[in-house]
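Chain IDs A, B, C and D follow the sequence of writing; residue 1 opens each chain.
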């Protein structure tokens, strides 16, 4: 759908997403889903046939960015992507996901065997999910949560914890072919970049707030050149992340675009954690307390970095250059 | 030889080496050799039978460190090592090297074929050398300079430029076996760490001098916290290099000592270039002029890093841990 | 070897004693890199540390008159090297052993030494530290906690923050102001405040790594402190403490480099256990970073060892502690991030040793956030290095 | 396509024109990554840049009335992308094209525009820059070069430093003080000083990369300057120049990201030519660093492209130029060190393409030392980002 045709602007979605994410604070995942669905945010990417808005990725990015900024306790990117990509093979499930009725998530790590056995991991908020999408050697399978053994993994993110998911041989509700999974995974990677950007922005904003209000040695911390430069470096990295993401959304479906999209994720995965870590550092002792939320953003960012398999993505980026050259 | 027995202190060698290196300024390699030999510095490691002092490596380190600090235009480490390790197979040549009469150097890069053909590289100041030591698949061979084609390589160091050396099938004056070459190479690596340390020290001292005297925006540069912290970081790295080197000299001949010696070189090869680069940065525009000598130290340090094959050394260090674990 | 028999040993024999004792006496489940590991309880840690002390592995350089072992700093280093090699828990009494004890040794009265020092080493009394305040962190000019004369003793009112282990401590090493706020760095006095004194309230602060025994705020409301619990006169106590702390910063936790090496070895060993991780050990990218970590570790060792020689030779060590602390804390953060990256690629059904490593390195990663903050932030350390190691002029 | 026929093209057709023209017209031996490369002479560079201009590849956004092509900034970006893809030499007239020209466009009289601008684009006159002085680098409060009234014109006396290309320049864009030194940032005036005026002496400064046409000191002894060579009134000229430079910093050398990518591709191609280097391309350590370089390059692109859209949309770009310059210069230094490390492992008897790459990357490595210094050091850029991008309060 074309921006010109719809009259919609991605920036409008940022505003309503920020409000909805703020309203989700303290709600459980089911409550979050209902609240987000109210504003149509879960169906941004889903086709209209399943109750979605049928918009392109540019409209989903600010929504996921707001979720990252607000440490949302809901698998938003997963739900958006499932509602889009299941619309063909399983329209009723897609519709229930877009409507915030059914709850879905995706296990990002590991590959199940084709006979639907094995353990996969990194499924955010899988506990109590109605549906879990699981990667296979070729494509993916959608499994009902009730047919799975779900166990909390050792992970950093406490707001949207990751689970390991063991398949027990139950039938899949539907399957995605390799092309559909690959499209979904590539979209997920850009959405992750946006989520990391949002979380990094909040981290840095908290750090700026802290150093401008906290006084030491008779002056605010921000009067220290070393502190100013530390924060300036984080801002530099963040604007680079943002620029790479904007660039990626404007690129075509060729090798140039592929590199730009991978680079957008890698820029976020490389610099996002460092921004959050530096923001903790800027807080001094306060940064090590649970109540100052910077650590939550660091936990989220490191988790997204791992879900996106940054080292393997770097390898792929290098391979594309070296093998093509 | 034991320190207690001789009554010698490595620190005494630092003083006389500094003076000798300063006196070499402007001399050609032959002149430098003669001047250094006057103080017995070329024979520090060579046994007494060939006119050397027969001391251990601790006494050579401050000498090479002073050479690095003074950007000496002479293959000092190479000469010291050749005078020690050729004393057995070629005592007359070793004696002439220790006496500063013959000039020798070592081609650190590449391996010549056993039939003494092929091209090797990274031989500092090989032009006009009487002897070049060349690595073979097993051990090394000493070849007369007159039997070699010697060509200046594309390198950074302009004071002690590197040469490529092509063998023409001429006979070797003598050979070192694999164990002797390996001992020589390991000693070279520690000497390189000392040379890098010396060059980095001079770089940082020049930077400190610059920022304390140069004024900008109404105050000396050193009043800027960012500049103070930049230099403090370099000092931190330098003291780490120094500590690793001191530690290495006190270690035994076991795996712990092997790691300590490799780490001493790698600490220098990792941080030395960054110290020199930061010292240029601290000089602002002045750092980019030929007349401010920091760039010479950077050139020397980068050259020593390459001669020591830092990436391969890191690989060896990792292998020792991983394969032994 | 029986406890108490170790005093005759020195050099490598002492090292062998430490190693043998540890290998025979570390309780089952204590080592974070060994099978069966479970986080030890506070009581288990107290018991083990008391046993370490009896065996000559704690209070090594403290005088024998106060329960110490009267050994040299070189032997302190030897013990630390051996302690570091094992994945032991951190001391639960580090404030007492690394801070209160050395200060009392330097400035305490004979009676105070007798009273406090053996209790620290025998793990009968744990200490907490009351220096920081909400309005005074690294800068003590703004310290507001007030000690006012009350007969021969004092009354203390104020608020402390970042007081590690306040809930379990018997005593607080507390810094308070005896004059007006305008005196800034003057008139500061040190006290050994009993934590069960009336008027003390402790409020725990939850840490990002969500650990027990962490930080707390301590509120003091007209707390009575007897004259016997003042450590030195106002100014005197604090000034001496500053000097002691400079040395202490360079000599405490000397095991860090060796513990760091233990962690790296644990990481490598865990990788071998998982078919998804083992290939990473053959990948040049990780091999180069593992090598860089080893070089960092050797540099930390190289920072630590000369301190011992310098102190033994009677030299001033100046700000060397800052070099060690800063290099270690930043290198440890780099390593922790590497470990998280690697272990994040483990199989979802990884075997128990890998899960155990994931738990340990998650803790280390979070804990490492604090390592560039506590005991002087990175920015403070860089300032110290600029001022006192590089001796840069202020440049006004 | 014939010169002058390109004005009707836009968008992708313009891109095709630029690409086709370059592929047909780059002189043999001009490309640093192609066989037969030899450093072009100054005259060859002037001729080629003049031809680029005739073909519409220089002065792209300058008005047609002054020899420019009156195109959009988007087309300027398109041309820069294509120019960046090729390993062309840097402009030998960058001061004229990137500094003097835009300032004259902004504040010059009609006569000055007619006189100077076509001469810059046609490579008839090259310019040098006279801002810095031995006592005034980034801080112009200490500027000492003095312009005093002499009838309708001026007499200028003083000393300039870091004046790139002074020896070959026809004109110097010179900043001088018209009032007393106490005026600090006030009373600064801009001049277009003819370099053949009496009283000018040029002393080259040897650069660390030992290149021709590098820095020089310029000594001015009572140099007469006519009224027609003053650029704006005192203050006016310099203040306008500051504004122009803010935009220029963000828009000039937009090709940098694409040239950077060309360098990376050249490095990879060179490795293929040497049996000692080819295996490094399969080593995870280098693959990860190559990927990191690509990510840096995409980030620089992402810094550049929004600037064009912002300017086209009439938005203020603020200090965005600092972001681009700082990220690029530091990333380029990291890459240059990587290239040196890799090429340092080449065979001693490496084939000519590898030697050629070694020469190019040695130059790039040394040149990169200056990239974090010129046009505002890293420290200056961080200050600008803190002040004007993050909008941090001063914190007094």
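Heads up, the rule we're going with is that a residue touches a chain if its C-beta (ideal position, glycine included) is under 8 Å from a C-beta of that chain, and two chains touch if they have at least 3 such contacts.
Being a predicted model, the structure only gives us computed values, none of them experimental.
> Decide which interface, B-D or B-C, involves more C-beta pairs in contact, and give its chain pair.
Counting C-beta pairs in contact for B-C and B-D gives the edge to B-C.
> Work out the mean Cα position per chain and let me know which chain is farthest from chain B.
The chain lying farthest from chain B is A.
> So what's the Cα centroid distance for chain B and chain D, whole Å?
Centre-to-centre distance between chain B and chain D: 38 Å.
> For chain C and chain D, let me know how many angstrom lie between their CA-based centres, rounded off.
Their C-alpha centroids are separated by 53 Å.
> Residues of chain C that contact two or more other chains, please.
284-285, 287-288, 379, 382
> Residues of chain B that contact two or more other chains, please.
Correct list: 224-226, 229, 311.
> Write out the stretch or stretches of chain D touching chain B in their complex.
So the residues of chain D in touch with chain B come to 132, 135, 137-139, 141-142, 161-162, 205-208, 210, 215, 285, 333, 337, 340-341, 344-345, 347-349, 355, 358-359, 362, 365-366, 369-370, 372-374, 377-379, 382.
> Within their complex, state which residues of chain C touch chain B.
Listed in rising order, the residues of chain C that touch chain B are 264-265, 268-269, 272, 281, 284, 287-288, 290-292, 294-295, 297-303, 305-306, 320, 323, 326-327, 379, 382-383, 385-386, 389-390, 392-396.
> Which part of chain B faces chain D closely enough to touch in the complex?
Residues of chain B touching chain D: 107, 109-110, 118-122, 153-156, 164-166, 215-218, 224, 226-227, 230, 273, 277, 280-281, 284-285, 287-291, 295, 298, 302, 305-306, 309-311.
> Once bound in the complex, which stretches of chain A touch chain B?
It is residues 224-226, 229 of chain A that touch chain B.
> Where on chain A does chain D make contact in their complex?
208, 211-212, 219-225, 228-229, 231-233, 235-236, 239-247, 250, 259-260, 263-264, 266-267, 270, 311, 314-315, 317-319, 321-322, 325
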